[in-house]
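Some notes on the structure that comes next.
Chain naming follows the written order as A, B, C and D, and within any one chain the residues start at number 1.
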Amino acid sequence: MTHLDVRLFGPQADAVGERSVRLTLPCESCTCAQVLDALRTAAPPLAESIDSSRLAVNQRLADPADPVRPTDEIALVGMVSGG
Amino acid sequence: MTHLDVRLFGPQADAVGERSVRLTLPCESCTCAQVLDALRTAAPPLAESIDSSRLAVNQRLADPADPVRPTDEIALVGMVSGG
Amino acid sequence: MSANARIFDGPLDGIPAPTPHPAVGAVLVFEGRIRPTEAAQTITAIDYETYDPMAERMLGELARQALEKFGLLAVQALHSRGRVGVGQCSFRLWIASTHRREGLDAMDWFIDTLKRDVPIWKRPVFVESGAGATP
Amino acid sequence: MSANARIFDGPLDGIPAPTPHPAVGAVLVFEGRIRPTEAAQTITAIDYETYDPMAERMLGELARQALEKFGLLAVQALHSRGRVGVGQCSFRLWIASTHRREGLDAMDWFIDTLKRDVPIWKRPVFVESGAGATP
């Protein structure tokens, strides 16, 4: 079991009404894909936008297969609108 | 017979060594195409660039079939390099 | 060749543009400005949220990638954080290149990539209907 | 919506850019600058020859055509006449549009058309080899 927090920003934070979501995952060594799946279940308002979102792990965009540790800084990067 | 002057600019003026060329054409009502042909004969240094050049008649770009009168202001517009 | 990026609090208006090196034949500037409507509603400003310091670091990475990918001479990217009012500038991309073509291509690529990947979010500030009218 | 064009004697550096209307979401600026070499030879300046007033009138026509063709909000085109030194600006195109896409497309079209049709010619001023070295 792994516990970790995922930071939310912008419209995704607004949709959930929180700046971060605490997740409990069944895996011991988890991947970004597993975190995104758990997030989808834990925060239903993200359902529509999560497929076009990525995780940032320690402030770098990560791929689905990349590992995540509970000590990592994890953020959901989706619905960005800079420029 | 028609007499007219064609103004030259930039590298075409440099090639001919003149700012204008005086032409004598056999036609009475002449076209731009006829002027360009006469210019080719009268100013051999223009041979290479004249096919990619156009005439301006009274300060407007003209087409080959457009008429030219001796009182018109005629200029060769070729090898332009603005910007 | 230089690439740099900065995120500033508030609008970018008034921040001077770089002075191009004499070898530069083409300078291209793109400025994104706040328009008075968002999804057909009147707004007064946009609040920009940035994930710091990742947003600035990524802007800098994009600037370096653009430099290399398009063979540019210099790139500067600036973006606002926080509130930027209607008519003010929130993003500026400055590109110096030998010729025009690579500069235009780089500008297109940079802005597309920014809009897809860089962790910056905007939140429109709508006109408060009737606010202040109640006693 | 406004389109304007001017030819100035000498470099354009220092001529202020227009202030965009608040509805403008994107401002694009292209500056053409004099590079220190021309066909692999060192130069000190470019002398621009313009066919007046046709050159300025055509620049204005291109600005109006760009406005209409690409649905822009404003266009300003400036070009130099006479001598412009290395590192100085000889051409500036300023485009204001609602969005980026049409501004970039218009810029490309404008510069291509300018380089093909507008009666402006450049003559490089080369470094005089050995000038002043002979007694």
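Rule of thumb we're sticking to: a contact is a pair of C-beta atoms (placed from the backbone, for glycine too) under 8 Å apart; a residue touches a chain by one contact, two chains touch by 3 or more.
Remember, predicted model here, so these are calculated numbers, not experimental data.
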{"item": "Most distant chain from chain C by Cα centroid", "value": "B"}
{"item": "Where chain B and chain D are represented by their mean Cα positions, the distance between them in whole Å", "value": "26"}
{"item": "Interchain centroid distance [CA atoms averaged], chain A/chain B, Å", "value": "70"}
{"item": "Length of the line joining the C-alpha centres of chain A and chain D, rounded to whole Å", "value": "49"}
{"item": "Sequence positions of chain B contacting 2 or more other chains", "value": "none"}
{"item": "Where chain D touches two or more other chains at once, by residue number", "value": "32, 111"}
{"item": "Every chain pair meeting the contact rule", "value": "A-C, B-D, C-D"}
{"item": "Chain D-touching residues of chain B, taken from the complex the two chains share", "value": "7, 9-11, 14, 56, 59-61, 75, 77, 79-83"}
{"item": "Residues on chain D engaged by chain B in the complex (per definition of touch)", "value": "32, 48-49, 51, 53-55, 57, 79, 91, 111, 114-123"}
{"item": "Contacting residues of chain D [partner chain C, same complex]", "value": "20-36, 86-87, 89, 98, 100, 103-104, 107-108, 111"}
